[in-house]
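Chain nomenclature is as follows: A, B, C, D and E, assigned in order of appearance, with residue numbering initiated at 1 for each chain independently.
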């Protein structure tokens, strides 16, 4: 996971972020009419510019993006009345597997650079993936913090019931890094399959503490409490997005990516608790 | 032939067995009760009315029914062969059939992609020759469900066929009925309770199928997003909504099963 | 009574049925072949030798066997009651039993947590009074598997019981056998093929169980990480390794089933 | 008094059974009657496999079924033994274990039970098949195993539904004797359902005839054989039977015609006479026989040593006559041929209807 | 020539059957024999439900089973009709639909099939139960439905395994006549397995006796009834039978003792005589009867109109004697009592063994 993380973001993300900003500005101000100005560079048909992009856009998105991307999709469709965005939400790994098997997708937004790597390794991404958000870990405890958790040190307490994400999934990989950075050896009772399962355990008060993403703590609402900790900055998980090389509607797909990177898009993501690149 | 109808012996259930039976029932029912207690009932109506939910429900029912249909058409003959064939190695074949049960459904979905995907063993030819791409379509949902659910049908029906008295088939043959006719008119009705049990298993499993479906068919609203997928997604954002959706799924399936089984069992029970 | 042994009619399989039977077989087997072709065989030995894999395998087998045992003990009596009881509403109960089949396993796991978790309906008392906490323990794995797998057993056995000739039970009663003895010595042997089919379904389903297990029991190596959990997690990072692990699971289950079914069926088939 | 007393009333769809029955300890009662008369139904009720609609059953001083009083003792505690009409041998057990089953339920050891079972299999002549499954037995072998299975537990009430029906003639005689002998030593009550008059005559001390769910005759075998009260019983015991109204020695037969009898009576009567007493002639016979009339042959049936000829009397009663094969040839008897029948008034038996 | 010709050889475990059989078209052959003789086995082989080990079967000019030639025609194409020993009525169909089944397989319409089925149910007397399921029929009713089901399709070879066994005496006679009449019009071959000598005698034109898988006698009923060749057949037809060696009119009986016969012969012979010809006496009888010896009563068995007494001759042959109930009372006959038996040489029938 480490190599992927580092390799993924870097230059690409900043480069593209500028790109996106440009697009986002015009979007926000002038609405649909002008939003395709930039697209026109990559697309030959100037006459299409008038009504914005059109057709079906198929976006494969990590399940953790369900809420935010659904909202982004609605906004995008409002700005491009001729376009329809269809999402296929699932575990990033399953989505990667589907894309490799020839799924007719335009855009892939993964929850980890490693899964994106599986796609790029097969030369299925058009251009370099762009990191559009990142997510950081937070300690999560049941409402009222019955076990009195204060920081990462409590995770070494054998008497507490602790849940962590499995190392194989992104939030688990991040957890490992966090504990390395803190020089602690955690004593978990379970390695959960994904963030969602981890959170469920906390929501139901089955565990005393867990590490999840900040976005998830926000989604969970009042049933849990989040506790920030200093080492969280050591393991930021990047979400890359990419246009696919076999995209049936690559022009519109690119438009959607641009929209995600636009200010409007970034606002929605930021409100959900994501760190913006 | 005479079977005493108003049975003197009541149901013949040994009282000792009532205790484990009751425990078994509680074991299966109580978790659902736990679920019911946590349900935000007020939201039920609202969720039920949402077009997306109705769409998922319709898709779930349609695809589970189709999958069950496919399983019946392919699975009953297969069960028959397994129950009757005396060729060596049949035992291995029988064990192979249980594999899709053991296979984690997600892996099953991957296997289906490897077979029928656009780059799959068979899928690539379907795509090249007919431009046909199965994954991410409603037929893919049906295929995924059928793949996962068929072994249930096959094994249940095979058990029933083994228990059936083959001499009735002999009797049918002496009346001039070929194998096919005998199969349709004698064997099938005789094992109807077993087939009905198998079909119920199959239907229920298809209705609840998640892993293979999301992997092989994807999760597109209106096309491949069945109720279990909707429940999964809701779980990501709003666990209470997920529980409500799961309950909707349960209610509908109880309704379907009560009505179906009622009909199947009448007239075939001895 | 006389049943012709060296049957003149062969297996009695109508040739028309061989086509769908073959299709059904292919449908179930081909995806596995797809999987096999993608398997990095060279790694198989290595994976098989890894202690973590062996541990998960052992845990899977032990918990699936225990779950099947629980299902047999509770499920066979329950099937009996369902097949025999004539109380009104039994049809509804029968439909309720299929719910754990329909319930997405993850939701089933949540339901189990709501019931048996530390704050659950029953779990809170277990915790307060006995300091007992089920989740994240091996018993929780067994419970999750049993919850998901029991309906298969119950429905299959119920089908077999319905198909059985009850007059043999009458005959046993006239010989002084009470209900319990009749159950053990007459009914059970008569429906043995059905029970064996049900147990196979149940065992296989328990062996492959993923969603409810990870949700209710969690995932800790050596305690609750069964093979399907290991497979799923491997899928996240290394799909090829996942396929190898899945194959290991399949091979073991085929081996178990071939040997078990062989034994069960000998002596009970008619 | 122990034994069995019962007043059975059972409704099954359009059929209903009303049967008062008493079987003393040690007594063997044969229940006979046409198909569908309710014999198996009665037997199932006594065994507790079928509940009474109304009425009661007492087995040995103890009420075992009495819907009015809310009493119902289940089959397994009635201590009855049953041989079922279609055997119902447990298909998963060998013949030996089928027979041992009832002993095992009494808690006897496996070895002891098998020993006793083997003895019984020997008695009924199928010891050779002790280790066969029911599917490997012939019909008669299966029935003998069923017989042994019911007898081995020494039940207080033994219920036999056609126990000898599938046995071949030789075995039948043997098993019949063996059964009679065993039942003679046996202090329980026995109810035997059979279609075979010989079985009923040979084994039972009393015969109860059931028709359409009602008792039509009840008496010792000799009495039933001599004075059948219905056509069914007459056929069973091989007699001609006619119902009519007597005035001295002449009986006006209900179906038409008249019969001359020896004993003078008046009122409604039954007249019976054996087919062997009826002679057939090609021409009108001269002689002392007072019953003489012409008729036409309706049917001829070969029997072991005679041919049974049915003659339609055309205004006179229809009669059966047993003649030798020689007579058939000499008189050139054939269906449709005209013949004269004659029999002596002294051969008839008259009794009140 | 059509009809059926067969040379059957079948092994089943320790049992083996070897039977050469020919049934001409229109002929009715009765196959009789003790339980386990192989009757059902033979019948299943002819029906194609069991393959031959060796041998061959021809039905109407066509080989249907010949392992040597690799020929095997499956049951459904043999055009046979079978009445099974335990009926095997389809439990899920009504009586009417059970009977209509065979016609439906021939592609006839449902209405037409039901019509024909109803006619047949009427013939066998169970039209009233047309809409009952097998479970709701009495044993006899079920068997009559099975009979109708086999007959309705007019098969070329009709195989009947104990078709009348569960029928009551009245119906039995009726169904027997009806069956005989139907079979007379029927140009196919009929093989009838039965234990009832009356059925065999009345319906068959030839009787084949099977014992232990081998034919022991084969001939017309009258011949079999007059000259039984084995004890089984003798019991069946109700005759005393002894095997011995003749020198003129004296036969040294194999089991000991001698018999006086009327016809002079030499060599191994069989001697038969009817029980009714044997008289019992308390004291040594005077008179013309040449066969006279003392013995002891072994058993007494009530029959419809007589009592059958078995007398152990103590050095002389054991014989059966039929006496009237009156005689039993007058002579005070009981098991163990000493008696004298006597019968005339003229009553015996002697024929080569």
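Note that contacts are C-beta pairs under 8 Å (C-beta built on N, C-alpha and C of every residue); 3 or more make two chains touch, one makes a residue touch a chain.
The structure displayed is predicted, hence computed values, not measured ones.
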Magnitude of the superposing rotation for subunit D and subunit E (Cα, nearest 5°): 180
Interface with the most contact pairs, given as the two chains involved: B-C
Most distant chain from subunit D, judged by the mean position of its C-alpha atoms: A
Distance between the centres, which are taken as Cα means, of subunit E and subunit B, whole angstrom: 54
Subunit A-subunit B separation of Cα centroids, rounded to whole Å: 36
Centre-to-centre distance between subunit E and subunit D (centres being mean Cα positions), rounded to whole Å: 20
Overlap residues in subunit D, where contacts from two or more other chains coincide: 12, 40, 47-49, 74-75, 85-86, 136-139, 141
Residues of subunit B engaged with two or more neighbouring chains: 1-5, 9, 106, 110, 114, 120, 167, 170, 173, 178-179, 182, 190, 232, 235, 239, 270
Touching two or more other chains - residues of subunit A: 94, 97, 200
Residues of subunit B defined as touching subunit E within the complex: 1-3, 5, 167-168, 170-179, 181-182, 185-186, 189-190, 192, 268, 270
Contact set on subunit A toward subunit C in their complex: 1, 91, 93-94, 97, 114-115, 118, 161, 163, 166, 168-169, 188-193, 197, 200-201, 204-206
Footprint of subunit C on subunit D - complex, ascending: 47-49, 74-76, 79-82, 84, 87-93, 101-102, 104-106, 134-139, 141-142, 149-150, 153, 159
Contact footprint of subunit A on subunit B as seen in their complex: 106, 109-110, 113-114, 117-120, 123, 127, 133, 135-136, 214-215, 218-221, 232-233, 235-239
For the subunit A and subunit B complex, residues of the former touching the latter: 63-64, 66-67, 86-90, 94, 97-98, 100-104, 196, 200, 203, 219
